[in-house]
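Presented sequentially are two complexes of subunit A, the first with subunit B as partner and the second with subunit C.
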Partner chain A sequence: MGTEITQAIAAGILGGGVYALMAAGLTLIFGVLDIINVAQGIMVVLGAYLSYVLSTHLHLNLLVGLVITVPAMFVIGVAVYTLFIRPLRGSERTSMTLLACFAVALIIEGVLYWQFGSNYVSLHSSFTSSSVHVFGFYLADIYLVGFGLAVVAIAALYLILYRTTFGRAVRATMQNQTAARLVGIDVNRVAAVTFGIGTAVTAIGGAVFGAINSFTPNSGYDLISRLLAIVILAGMGSIGGALGAAVLMTTAEALVDIWQPDWAVAVFYLAMVIILTVRPAGLFGRRPVRAQ
Partner chain B sequence: MRSLTQRTRYLAVGSIAVLATAALAACGSSSGSSGSGPITIGTSLSLTGDFSVDGQAFKRGYELWAHDVNAHGGINGRKVVLDILNDNSSPTQVDTNYTDLITVKHVDLTFGPFSSLLTAPAAEVAHRYGYAFVEGAGGGNLVFSEKLPNVFDVSLPVANEFDPFISWLSSLPASQRPATAAYPTADDPFATPQVQRAQSMLQPLGIKTVYSKTFPEEEPDYLPNANLVAAQKPDLVVLGSTDVPTVQAFMSAFEQQHYSPKIFIAAAGPDQGAAFISAVGSGNATGMLVGNGWYPGYDNATSEAMVAEYVKTYGGTPSDVNADVAEAYSVGEVAAQAIQHTGGTVNSKIISYLHSGVTLSSVQGAVQFDSLGRNTKALAFIFQWQNGKFVQVLPANAPGSVKILYPKPNWTS
Partner chain C sequence: MSKSVARGLRLAGLAALIAMAALFPLVFSNPTATNFGVVTLIFVIVASAWNIFSGYSGYLSLGHAVFYGTGAYFLVVASRDWHLTGSAVFWLLPLAGVAAAVIAVPVGLIALRVRRHTFVVITIAVFFIAQLSASNLSITGGSSGLLAPVPNNWDPATYNNPFYYVGLIIAVATVALSLAVRRSRFGLQLRAIRDDEDRAAGLGVRAMPVKLTALVLSAFITGMAGALWVYFIGQAIPQFVFDPLFDLAVVLMAFFGGLGTIAGPVLGALVLEPTQLWLNLQQSNGYTAEILFGALFLVVILFLPRGVLPTAAEYITAGRARLMRHRDRSQPLGTPSAQTPTPAAGSAQ
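Let's turn to the complex of A and B:
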């Protein structure tokens, strides 16, 4: 039993990293733009399909392919923001952006169906089926790679936010858009680039997600509910918190799986409700700072 | 004056009730027709959502059948027109779709959706309006437990899908049987009955159960469950899967854990042809078993013609033809025979005819319904992937069966 528990904890921690990769962009976009990007799930799937195209047609290694897919997803993110989100104004902007993101998700899903059909596909690489032996059991290399990429991506986001001039502009925009404008920050540009970065991260998440699971254009819907749960538990806008909340979620589920798998998901959501009752801002969230 | 008003009100309510009852009765008794125009057939399929792979395959099956029928002059000289709505794999939407097809579009007949989960509510709607409900993918107990008189499942009842496999294991000398078995299954009306039946019949043979757990159908991550199974290293794994990702996740996790069962059978996934191979790879697929009532190499003239027609229309190879296509095609064939025999699309006559004990034919073989609408003539086969080919292996003495690959070779990635 001891080995099973240790293995479940290890699997939970590594699995959490994979989810954090997918949730980091979502929480960044919400933190800066107040947009609940429900298209984030389909963006992950789109990222996975881009990796699929590169690996099947150009025979590019999944990690090498990120050199192309990350910038590509950044451009797609900026385009989505510019075309669908930015034009929305007025008091109902938040609800309208929700609808706009949903529309974007449907459009992307439709294009993916048209292009790839409804058959399941998955990503293959040298590390997708291999594993390393530690503590008496095997850890899958793809999960180790995913966790490593999550740490690197989240660290990079932190560096951008806290060690660059652009990051300062982003944080200023997060705190008070009107004041940010008054000190000369191009809020629209910051917003577009932030949306692009939040989307670019999904290219990494998509590559790992597609290497672990087979997927179809429809796979984004199952993802988004879990990503939203992670972001809410972490505290909306908390990038590091996304990693913590994701690890908590997957570890709790992996542990419950040992005894009662059919309760695994329910236990996590129950824990989430209890935590939010005690800490409404989430585990790692701060109290609201926006004035407008 | 007051009593007059009351009486008028009672009269009005009574009249409305009588009219409504008459309208409902009329609706129930006269659904369908024996006219000369096209026969409109309504169905709801999961073109998007969790069941979209199967839903799309079903769509092709229905369309292929309609095309073939119309190419031969229709049924009783009447062309067939399909009206297919998308239910997004939602039981709520499927209810709405069939209500719409029957009460607004006034289709002549209804065909079933994909999965027992959606067939159960859809059949209720059809029953409410007196429609026959011929379906091909609702073989779970959930569908038959309501004992609806209008349901007719042309395919193999799901609980019996592993029967040839169980018989084969019981025929092996004890020394050659697997010593231990794991039974992980999704909580699903399609998967659970097969796995439970297998476990209840294999345990008395001395095959020790080392893992038996049910996980949610919408399980987000199969790795922990698969790791727990791999830790027990059972000789046999009977997986209650509902789709390709479930099987792929278990196979992948087993490989990562350096564990390969001697024999591995799944409820669904390996029967998905190209979808399965593209997800797991041809090498790893070798040795994987699945139960079903049909496969592309099935030795049946109409089945062979349908497979050839499918490849001609959609491309690919016979191995790419999903069993869902045959299930959908069979629905059309059975309905067509009922229309031909009853002379029209009067649903009450079709229901009576299908309950008469008549034996019909389909690309899946003979069809005869019991009182619950289950196909008592359905054949059960076990199929296996062998070096990129999907072949029939059990029953061992059935025409077309090849030797089963046992034990399963190790993973090849």
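Let's turn to the complex of A and C:
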């Protein structure tokens, strides 16, 4: 029993890293653009399918494939933003962008069904079947690789945000768009690149997610609902909060899974609902969500 | 054209529309046509009900499938436990609505504390909780679902007709309710909340009870529609009863016709649902319909963000104004135009 619990906690923390990365992209987009990209879930699945195509047809290693999939997802993100999100203006912009993202998600899901059908597939690589023996239990290598990738990507995200001129422009836009415009920041470019970066992380998320779980084009719904729960729980726009919330949630899920596998996913939503009744701004909310 | 004539024409048009809807199953008695009719009416009901809450209050709900599904499961379980079959099952519809309304109270109390994005996301989360519960609870039959009662002594040729007429009655009542809400003080409070909730609250609108009442009302109707649907379809399976596409379809219908208008959601349902059903008949694969559906959604949001009816009304008003200017210019100076401009009737209503 003790081993089971330790194993669940380890898997929860390591698995949480990947969710943290995907949620960080979501919360970054929200912080800068005031948009909830509900297409983030299907973007992860798209990233997973891209890795799948590269590994089955070109026999590329999953990690090497990222060199292609990350820029590809970046371009897709920028294109989606420029074509469908940026033209939306006016008082109903908030709900319009959300619905536009949903429509994009539907189209991507439809295209994936068309290309790949509805059968479950999963990603294979040298490290997906092997495992290491630590603290008296076996841990699949992919958890460690995925966690490592997530840590590297999140560190890169932090470096971009806090150590570059572009990152400063992003943070300025997050704080006050009008003021950012006044000091000469090209807010539109910042927004497009941010959307691109927020989407690019799904390539990494997708590769790891696809190696841990088998997936179909339908997997996007489960993913996005978890990611939204993480982001809301953390408080919208808080990247650090998203990391904490992701690890907390996946660990809780892994623990409940030992006793109640059917209800484990519900932990995500129940935790969110309970916390929101106490703290409507989320755990680490930087600004009151109630403000219009 | 005086105002009373315009109103008379509008009433006559409405009566003609209802009469046409009532005659539809008699003229097109082919089961495929009446099947389309029943499902379309169900979406007329749900889109109008969704609009009473989301369209008027501005709180976009992407979780109305929760109320739809609650009504559906209520009907299946209640008719099984109380041994009801045939037309008697229809008497369960109001009760199914009450069940959905009861579920809406806690959902509203939690979700309506937050606004905008967060509200939308919470409705999505509630939706997934509902779907998960339906797949795992024993009362809903788990993931294999439950069978609705079968009215097996009904004549196959007119099998769809009872569903059609019950649906038509609920649809007419819902549109009438939508009109009544829009014209009432309550509807005005809702729209004040949509425009600026803090200011509305400052002016004495008790926002929470008003929003919650609208949600409960909307859930009640949606629950009835869900119950009618499940009785018509014959079975309740979690992933079809709680379908994310259902939520999107309803939102698209309301947006397509015109958010916050009375006729908009009805028009949206009348145009989009038969189109989707037809596409499904043409293409057995689901993805073509899905891709087209998403693309249509994008087109509506990008080019008709306020919906067909308000946009058309704007064009008509602008056209009239241009005509009027033209006429004024062509008249010799000094002779005032005898024509008084017709007030731009809010034809979006």
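Just so we're on the same page, the second predicted complex is superposed on the first by the 276 of 292 C-alpha atoms of A that agree within 3 Å, B and C clash if a C-alpha of one lies under 4 Å from a C-alpha of the other, contacts with A are read in each partner's own complex, and residues count from 1 in each chain.
Criterion: contacts are C-beta pairs under 8 Å (C-beta built on N, C-alpha and C of every residue); 3 or more make two chains touch, one makes a residue touch a chain.
These numbers were taken from a predicted model, which means no experiment stands behind them.
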Check subunit A with both subunit B and subunit C modelled on it and let me know: fit or clash. clash
Considering only the touch criterion stated at the top, classify A:Leu123 as touching first (subunit B), second (subunit C), both, or neither. neither
Report for A:Val111: first if it touches subunit B alone, second if subunit C alone, otherwise both or neither. second
Tell me the contact category for A:Ala169 with respect to subunit B and subunit C: first, second, both or neither. neither
Taking the superposition as given, does A:Ile85 touch the first partner, subunit B, the second, subunit C, both, or neither? neither
Which of the two partners, first being subunit B and second being subunit C, lies in contact with A:Leu149: first, second, both, or neither? neither
First, second, both or neither for A:Leu99, with subunit B first and subunit C second: second
Considering only the touch criterion stated at the top, classify A:Val273 as touching first (subunit B), second (subunit C), both, or neither. second
For A:Val265, decide between first (touching subunit B), second (touching subunit C), both and neither. both
Should A:Val45 be classified as contacting the first partner (subunit B), the second (subunit C), both, or neither? neither
Residue range of subunit C overlapping subunit B upon superposition on chain A, of 146-154, 218-226 or 290-298: 146-154
Contact residues common to both interfaces of subunit A (with subunit B and with subunit C): 109, 113, 221, 262, 265
Which positions of subunit A touch subunit C when the two form their complex? 30, 34, 36, 38, 84, 87-88, 90, 92, 94-96, 98-100, 102-107, 109-111, 113-114, 221, 225, 228-229, 231-232, 236, 262-263, 265-266, 269-270, 272-273, 276-277, 280, 289-290, 292
Okay, in this complex, where on subunit A does subunit B touch? 3-4, 7-8, 11-12, 15, 109, 113, 117-122, 124, 128-131, 137-138, 140-143, 212-216, 218, 221-222, 226, 250, 253-254, 257-258, 260-262, 264-265
The subunit B residues in contact with subunit A across the complex are 48-50, 52-53, 55-56, 184, 187, 213-216, 218-221, 223-225, 227-228, 231, 243-245, 248-249, 252-253, 255-258, 272, 274-276, 278-281, 411, 413
Give every residue of subunit C touching subunit A within the complex, in rising order. 58, 60, 62, 110, 113-118, 120-122, 124-126, 128-129, 132-133, 135-136, 196-198, 244-245, 248, 251-252, 255, 259, 285-288, 290-291, 293-295, 297-298, 301-302, 305
